[in-house]
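Quick notes on the structure that follows.
Chain IDs A, B, C and D follow the sequence of writing; residue 1 opens each chain.
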Amino acid sequence: MVRDRLTAEDALDRVTGALGERVVEARLNHGQVDLVVEADHLVEVVTILRDDIALRCRFFTFLSAIDRSTYNFDDGGGAGEDKKEKKVGTIEVLVHLYSPEKVFHVNIHVLLDFEKPVCPSITGVFVGAEWHEREAAEMFGIGFPGHPNLVELYLSEDFEGHPLLKSFKLPARSFVKDWPGAKDPDEAAAGGR
Amino acid sequence: MALDHVDERLERARKPGFGIGLLKGMLVLLKHLFKRNTVIQYPEVKQDLSPRTRGVIALKEENCTVCMLCARECPDWCIYIDSHKETLPPKRKGGRPRKRNVLDRFAIDYALCMYCGICVEVCPYDALFWSREFEYAEYDIRQLTHEKERLSDWMATVLPPLELEEGAELPGQAKPATATTPAAPAPTQGATAGTPASTSSSAAEARPEQVTEAPKTPTAVPEASKPATAETAAEPAPETAKPTEGLKEATEEQQMDASATTTPEPAAKIDAGGGVAQEGTQAEVEEATAAETPAGPTSSAVTETPVAQPPAPVKPTPRPEDLEAPEAAYTRVVEAQKEAGSSPQVAEARAKVARVKAERALTQARAATPQQAAADPEPSGAAAAGEPEPAQGPVAPAEQDDPVPAQGPVAPTEQDDSVPAETGDEPQGAAEPAAEPQSAEGEQPEAAAEDPEAVYERVLAEERSKGSSDPVATARAKAARMRAIKGTLGPADG
Amino acid sequence: MDIDLTAWQILIVKLLIILTVVPVGALIGGYVLHKEMAHMQHRLGPMYAGGWHGWAQTLADGIKFAYKEDIIPASADRRVFSMAPAVIFVPVLLLFLVIPIDRTLIIEDLDVGLFYLLAIGSVGAIGVLMAGWSSANKYALIGALRSAGQLIAYELPIVLSAAAVAMLAGSLSLVTIVEAQDWPFILWPPGIGLALFMLFILGAMAEMSLPPFDMPVAESELITGPFTEYTGMRFIFGFFFAETAHMIAFAGIGTTLFLGGYKPIVPWGPLEVIPGIIWFFVKTAFMIFLLLWIRFSFPRLREDQLQKFAWKFLIPLSLALILATGAWILYGPGG
Amino acid sequence: MAIKDPELQHLQDSSAFADEVSEGRLVTEQMLLNVGPQHPATHGVFRLLATIDGERIVRAEPVVGYMHRGYEKLVEQRDYRQITNLISRMDWLSGINNELPLALALEKLMEIEVPPRAQYLRVALAEMNRILNHLMFFQSFAAELGAITPTFYAFREREDIQYAMESVTGGRMHFGFFRPGGLKEDVPKGFIAMALASIRKVIERLPDYEDLLTGNEIFKQRTINIGLLEKEVAYAYGVSGPIGRGSDIDMDVRRDEPYLVYDEFDFDVCTAPHGDCFDRFWVLLHEIIESAKIVEQALEALPPGPILGKVPRVVEAPKGEVYIRTENPLGELGFYLVSDGGKRPYRIKIRTPSFSNVSALPHVLRDTLVADMIAILGSFFFVLGDVDR
């Protein structure tokens, strides 16, 4: 039940206070705490968030990943100020925790190297993360050392490639049939199908 | 905080009873043994579905100008359209031949369709409607592709939209008027639809009286169109394409209020009371965003063709005195547009439209005040100046506010429907079948006083005096001359 | 004029009677099942088959199944697989031999009628096992084992309650049992009579694996239990006819044992005029209505709960009732 | 036949086997039972790989992915209106609730102000859809336990509500009615009366359902203390909705972080402490009453006015990221919308309630009976479209 509801600001202060230097960057985004954390600090951060009495982020909402390789950071609005560094971390794991008592959200962004993304598994802290990590692994090709059985969740064994990466082109329907809307209004070719 | 009172009941519920619960359960069944059943015996008794039910999509061929928006917007790629270009003889002797898109094939493959209604929503010319028929199952999946003949047959089963709940407010109106759209009497010959009034008896007990009672009795509710004076945004603001209730099927007059140029961001002025984008049917403005466009057709931004669709119920015509003179409207809008930063052509086009609107309201007010004569129906969508290049889409907004709806593109059947309550069922001559927008605008054909050539010189001089640029002046003069030849009222000679 | 037939011919006539009356009864029973279920669930039930209120619905089902292809699974044990439905259906037919429909209208008035009934009633369990085992399907196997365990567990309450009735009537012949009963049928002897009746009803429902005892046929778990692999005529006879005919048979037995068979409900003058057969059908119809009513209103018990309910509750209760009836006979008003 | 069980390999030769049996130990091998993917107890295509020993389940491993349509990839190719119709097919029992988070996320990014009438109507339609969803699960749970009659009572009620919603949106399951900024159309005359009538009929008939099921001894025996899900485990798996509230998790987005106009209505959040099948069912049934209360308040206080805010014709979300969550009938549905400024989202992470709820199944199913597995699966209200996205 909701004990003492925190406003976004003091939730941010509490989180930064509790985590100290483990966090690369912390800010508020639409009333939710946004943290950028290094991969090796992740398990520590998640454990603190869950166990710290002042925070009690006990509800594991989800873990997923975002492939920001084609995200246009240029016009400044990108997630982080230093755009150059952002370009490197173009794939990130996103962990979202929620504190039912204090009613505030924490988004943890873990920036990973694009070629070989590896992020420690948090199934030790939240056992529910197992399925989420299996999905992120098969969809983004992220390695999760420490995961009990990292097998595919949705896709079949013989599926090559990682579908949710931007590089994975969705096999468009165009080779099945061409797009009916392709005709321009004024030169609509007569005698279509 | 878990609720305590629930806990007692929960704890009591969890204690094992001694068969009493079983008996209570059995009594519930016995009770139902003697209740009247609520089952509709389907084939004999049909459920009286709402006109909004998404059963099948019907096509009104006359309205389709092959703008391909629906085919592009469809997420499932299930609309196939073919058309060819035809050159039509000039409208009048002096005019140049006009090119027009004629529909060859318009097919919807209902095997793929997911009935989302994006096409019906996105169609700028109200050519697609929802009909509530759903009994068109086939044995062979190929027959599920309905060609345009069959789609037109479905038009017979399209029902007029429903009256709105009291609080409903149309975007274009300040006061919440229950703008009903007195529509054509629901076509009773709809094969299986059964008259909407016949609510299935056995279901009546279970279902409160079905919403659509008898075919909408058209109530001459103050038509919510914008009286000229109130309407400040005279320029062709892409004001709400569809009335709030977006039930365009029934708006008997259909307007093509296309802003002349592809305004990237609609310089829309918010008219009273409503948001810019009409609530339901946002005409799809952005360029075709086909689902996975393989190469992404580099189609030019299709002209944003918001279809102005003010409800067409009869409006109390304001007195001529308090209407703004057309010329004043024209000048006012040009300045407004200039400092609003739009390009000269945009400003000028908008001003022209505003002038036509103002003048139209003026003449209509003048015509309506002496007697409730039904202006002869001017097919809407008439292009004020020059014929609409197909690509660019119809230009002039012929906002037809006259009491008698102009040729009803929406009329389900070819027979033009008029507002029954308004002036009786005086059969309107069916508008020319071809959707070729008649270029004449203006309503009361008065005998033109002067001969065309004199009109030409006079207008040319006038325009020059007013300082408009040369091409504009000649264009206006020629237009005036054409009108004189045709003998309709021009904007200037209001 | 009386026709003198040899014993054989009488036997054939009797069998013919059974072979016609029981399937028709099963059809009617099926129809009543659909209709009652429908109206209890606030709907109409079959309306179209055969005209007014779909009276021919079960007939249509039967014909439909007859046309269905008769598939025997490849890995099934063919002979046992094809024999199983017969082993289930024939005992149900034989039950009708001894049920007295009217004072004289009884096919075979055995003086050990009740004993015969109970013996034939338990043959069905073997058929179910045969069906489950032979169709080489995991679900069928589980269904069969459950069904066998259940039939055996609930055999006892029926036998014991029937025994108590036999004690009260003093004979095993069904006709004498009916004669021995008089007016307030199940209410006499007070308490015991009603308890015996409830016992019999629960036992019968478990025998026929009607909900709440339909684990072997649990749709959501084992689809149709031992009969998952059966199609066509085998399915009809093994499952559908057997179940409905069984229901009618048990309703008949229940009427004869507890509700006073062909005797009028109230021994009041004018009611005596109505022939016994009418009374028998009225009471059986009530019994069928009761059985179906229970069937539609309850979820099913779990397998172990069912067994626990039988061994720990029903059987001790029936033993106690036997004791009570004995005491009643000795020290009660009769003794 | 060969013994597959690794521990029992030493019994391959018959002599060792004979000694085992002679020592009185019954040698049984565990059977691998495939429940699904076509199985009446699973709500859709879902396979449970259960290793059973007799009738006791040793380990149950759900195999998902049969319904995986790849929403998160599809969504990156579609514009926002097409997405609205797409995601209403995720949890197909609550079509309109699925569309809500997308509309809210876009309104938050584009700072659109939604007129009050639209907000009230959204709440009313969402709650009516919640009642439809709950009635459906009330019926399917009862059917799985063997009671067939609740099915028809539940559908009788659903029909009226669906009819009312169809007269507004045009569809019965997939509505496609919410737009960023408001609704597609306004409600027809008579809708309020019809909706309130159908809601009141549900409330008036709930005591029947209580007698039919909750009071029923057999039902209690089948569900009490079956399938226990502890509170901490539920938190760890992210279980929310009626299942979470059945395990004493007092969380309801409508009350904790009120979106739309939920803060203007008074309704209770019903929770139950024990975390077994009975409690989950109890919470589900009582949420119907709460939803009905909300619908009544919303429709009676429906303000006049337009139903669409100021929305540009082309819905283009500005750059930015936002996580919006709403109380879907099955739990917390959240959209993490990353927008690149175009007409199409750059990425949407769809956090569906059933995905997390079902991931807690193996924990609950350990050491239960086969018949209980059916009760537990029935009491875990999940829809496969939600699980597999």
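In this section, contacts are C-beta pairs under 8 Å (C-beta built on N, C-alpha and C of every residue); 3 or more make two chains touch, one makes a residue touch a chain.
Everything quoted here is computed from the prediction, not taken from an experiment.
Asks: Out of C-D and B-D, which chain pair has the most contact pairs?
Replies: Counting C-beta pairs in contact for C-D and B-D gives the edge to B-D.
Asks: Centre to centre, by mean C-alpha position, how many angstrom separate subunit A and subunit B?
Replies: Subunit A and subunit B have C-alpha centres separated by 44 Å.
Asks: Round to the nearest whole Å and give the separation of the Cα centres of subunit B and subunit D.
Replies: Inter-chain centre distance comes to 39 Å.
Asks: Go ahead and note the Å separation of the Cα centroids belonging to subunit A and subunit D.
Replies: Here subunit A and subunit D have centroids separated by 23 Å.
Asks: Specify, in ascending order, the residues of subunit B that touch 2 or more different other chains.
Replies: 1-2, 22, 25, 28-29, 32, 38, 73, 291-292
Asks: Which positions in subunit C are in touch with at least two other chains?
Replies: Answer for subunit C, listing residues that touch two or more other chains: 40-43, 296-298.
Asks: Would you mind listing the residues of subunit A that make contact with two or more other chains?
Replies: Within subunit A, the residues that touch at least two other chains are 1, 170.
Asks: Does the chain-touch network form a line, ring, star, complete graph or other?
Replies: Basically it's none of the tidy shapes, so other.
Asks: Can you work out from the touch definition every pair of chains that touches here?
Replies: A-B, A-D, B-C, B-D, C-D
Asks: In their complex, what parts of subunit B are in touch with subunit C?
Replies: So the residues of subunit B in touch with subunit C come to 22, 25-26, 28-30, 32-33, 35, 37-39, 41.
Asks: Note which residues of subunit A are touching subunit B in the complex, please.
Replies: 1, 170, 172-174, 177-193
Asks: Would you pull the subunit A residues touching subunit D in the complex into a rising list?
Replies: Checking each residue of subunit A against subunit D gives 1-2, 29-30, 32, 58-62, 64, 66-67, 71-72, 75, 77-79, 94, 96, 100, 103, 105, 107, 126-128, 130-132, 139, 152-156, 163-164, 168, 170.
Asks: Contact residues on subunit D for subunit B in the complex?
Replies: Touch residues, subunit D against subunit B: 77-79, 81-82, 85-86, 117, 149, 153, 156, 159-160, 163, 166-171, 174, 176, 179, 181-194, 197, 208, 211-218, 220-221, 224, 248, 250, 268-274, 278-279, 282, 286, 302-314, 316, 343-344.
Asks: What part of subunit C is in contact with subunit B in the complex they form?
Replies: The contact residues of subunit C facing subunit B are 36, 39-44, 47, 293-294, 296-298.
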